[in-house]
Amino acid sequence: MEKARVEAFSDGVLAIAITLLILEIRVPEPEALNGAGLAHYLGQQWSSYAAYLLSFAVIGIMWVNHHAIFQAVARVDRTLLLLNLHLLLWIAFLPFPTALVARYFRRGYDAGVAMAVYSGVMFVIGLSFQLLWRWITRDDRLLHGHIDQPQAHARATRFGLGLGVYLAAVGLSFLSAFATLILHFLMAGYYVVDQLAVGGQAPDRA
Amino acid sequence: MEKARVEAFSDGVLAIAITLLILEIRVPEPEALNGAGLAHYLGQQWSSYAAYLLSFAVIGIMWVNHHAIFQAVARVDRTLLLLNLHLLLWIAFLPFPTALVARYFRRGYDAGVAMAVYSGVMFVIGLSFQLLWRWITRDDRLLHGHIDQPQAHARATRFGLGLGVYLAAVGLSFLSAFATLILHFLMAGYYVVDQLAVGGQAPDRA
Amino acid sequence: MEKARVEAFSDGVLAIAITLLILEIRVPEPEALNGAGLAHYLGQQWSSYAAYLLSFAVIGIMWVNHHAIFQAVARVDRTLLLLNLHLLLWIAFLPFPTALVARYFRRGYDAGVAMAVYSGVMFVIGLSFQLLWRWITRDDRLLHGHIDQPQAHARATRFGLGLGVYLAAVGLSFLSAFATLILHFLMAGYYVVDQLAVGGQAPDRA
Amino acid sequence: MEKARVEAFSDGVLAIAITLLILEIRVPEPEALNGAGLAHYLGQQWSSYAAYLLSFAVIGIMWVNHHAIFQAVARVDRTLLLLNLHLLLWIAFLPFPTALVARYFRRGYDAGVAMAVYSGVMFVIGLSFQLLWRWITRDDRLLHGHIDQPQAHARATRFGLGLGVYLAAVGLSFLSAFATLILHFLMAGYYVVDQLAVGGQAPDRA
């Protein structure tokens, strides 16, 4: 019951954050088109669509991931509650760097700044997932049955690799915002495929 | 349980998207009325109300539809999860073309562009429903009991007809934005009546 | 189960609409204060707080009301589903007239226009509740056990009286926006007291 | 069941309010940077991040708190329903003073005004929690089993101390907005630690 309410609250925050992303795609005032057609304007703001697509995929994956983590949880303690809120704080923050990327991607040096902020937030989100996972799997107190420590460790290590990539992405942002954007899409794609690779299995067996 | 969480998350996204639509109806700054009264301004932005009404109906129908689809589902696998997220990505996108229609409907050529984007998004949403439905009914693995393949096929075909109409609507947009808007209302009305025609039946028997 | 999902979706829309109201209270840009202090500005926009308070109360009451209605429901059919969506369409619309009142209340004739729109929407919401209630209590098909027709009728009549007041409020708006605002607060207060008068009873016995 | 719906609605409002906070962090228009870089702009709006962090923590704590209170509740009456709506009204209001602090924190006297409004709203939220708690624990009618009156009283007293601090914070705001912000962070930190101090216990035993 307790756990169900934490899951419901988390799902709520994730569902709202993912749906708020659309507010970052701007509808131009007719006067702001400066004589160019709407079609031309819509074509020009492709970085907004890319940012929407990326962040929607990212939050969607996080939702699946969050869900998989909570499958293992039997009991919720205060620390878990706080680590979960900490994670939500950063996921709920994501619409902001998404909007930065959407608006500054074709703006020279500032594109790099925007991508670096985005990459940095992704790094911190990864770290927050890591903290949550480590607390849950620290021992058997919060878990259904006994935890397979090597497997939990392997999962933490894989999370850790992702962290390294996001950290590298912060640096890469200043070299090439475009390459960094591609890297984020590849990471999202990897996580999707990785989760699919678990097979046609239901997530509760993941 | 698993399925319940997918439904809850989907319902959350749909409920948020449908409620965010109202943000697209603009409240003018008093200074922006240029001496004309508020009543005059409110009368002029009728396309905003039409767009709100249309998209509210559309998302409402999709919610009923989504619900009917998940009635058949017994198990959720990763592919279903991803196809569902893909569907939500496009539904959550709908407030954007809605705002385009609201603001550009009385703007000559750009009205056509706005309606074409709206129609295109509706087409892609239809496609996403189609993909989801086909995956679910591919065989019996995800279903409650045995699936009636001819009936599932009939349903997919009916979905397919809708797709054709939305595709035609993209083209029609450039000929007459007004006719396209009417067409969308007719489609929404058709789906409402079609669902009512199933009778006073509870949806779980639909 | 079916009914639970309709309730959850409705609760979602109501919760979002009630929480979105805050977006209508403006945070002024520092440059827009024109030398006057923030305190002075905040004092001046009292109509925004009044509108927030009123609409929050109104949606809160509607939530209680919606809940009380669904207590009686045992089965959900398509018509009920559509009448419920129709009701939600108008409740989700409420943030717009709320913002109109907030921004135009001290603007002479336009204040009357804003209040008339608000009153009109309240009238339509009342009508939508009426439709929903009449469909549900038409006969026993959708109900838990047998319905007490005289009591259901009495309730419909009381709803009807509210409708009359809201219609009168539309006219009153053009005579005095202030009196109309007071009337809306009185109506909200009446419904709160009316519901309290049912006693310390749990709503499920209301 | 009844109680579950009140909790779900409350969770919904809290989840939306906490996620809407991000909308207060502004994404500057490229033209508004005035030649300075994006990085410089982002660095300058640190008060926005501080306000986001503070209010996220505050609403998160309130969610945990709300949850702990409802653990004790067995039955919901109308008064409880209204006191709960009253509490939600003020929590849903929080994004507004948060935005005030974000935008006015480095603006001399107006920073004090913004912090005073924030502190005042926190005071009223505390009061609303107090009212809710006192109504619930007034006697045993709404509770699971018998209430430990001294313990319930001790809790109310602790709530009361917090109220005193928030009231003092209103005054302090005009002396030093910065000190007041620190005070709010300390209060949030205290509540987090206080809740952690209950131990590794599950909240349902708190």
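Order as written gives the chain letters A, B, C and D; numbering starts at 1 within each chain.
Please note the rule applied: a contact is a pair of C-beta atoms (placed from the backbone, for glycine too) under 8 Å apart; a residue touches a chain by one contact, two chains touch by 3 or more.
Just so we're clear, the structure is a prediction, and the values are computed from it rather than from any experiment.
Taken over every residue number at the interface, the positions common to subunit A and subunit D amount to under half, indicating a different-residue contact. Subunit A and subunit B carry the same sequence, and matching their CA atoms takes a turn of 90 degrees, rounded to a multiple of 5.
With centres taken as mean Cα positions, subunit D sits 26 Å from subunit C. Touching two or more other chains at once are residues 8, 12, 16, 20, 23 of subunit C.
If the chains shown are joined wherever they touch, the resulting network closes on itself as one ring, and no chain has more or fewer than two partners.
By the touch criterion given at the top, residues 1-2, 5, 8-9, 12-13, 16-17, 20, 23-24, 75-79, 81-82, 85, 88-89, 92-93, 95-96, 99-100, 103-104, 107, 109-110, 113-114, 117, 141 of subunit D touch subunit C in their complex. Subunit C makes touch with subunit D in their complex at residues 7-8, 11-12, 14-16, 18-23, 25, 27, 29-30, 33, 37-39, 42, 52-53, 56-57, 60, 63-64, 67, 192, 195-196, 198-204, 206.
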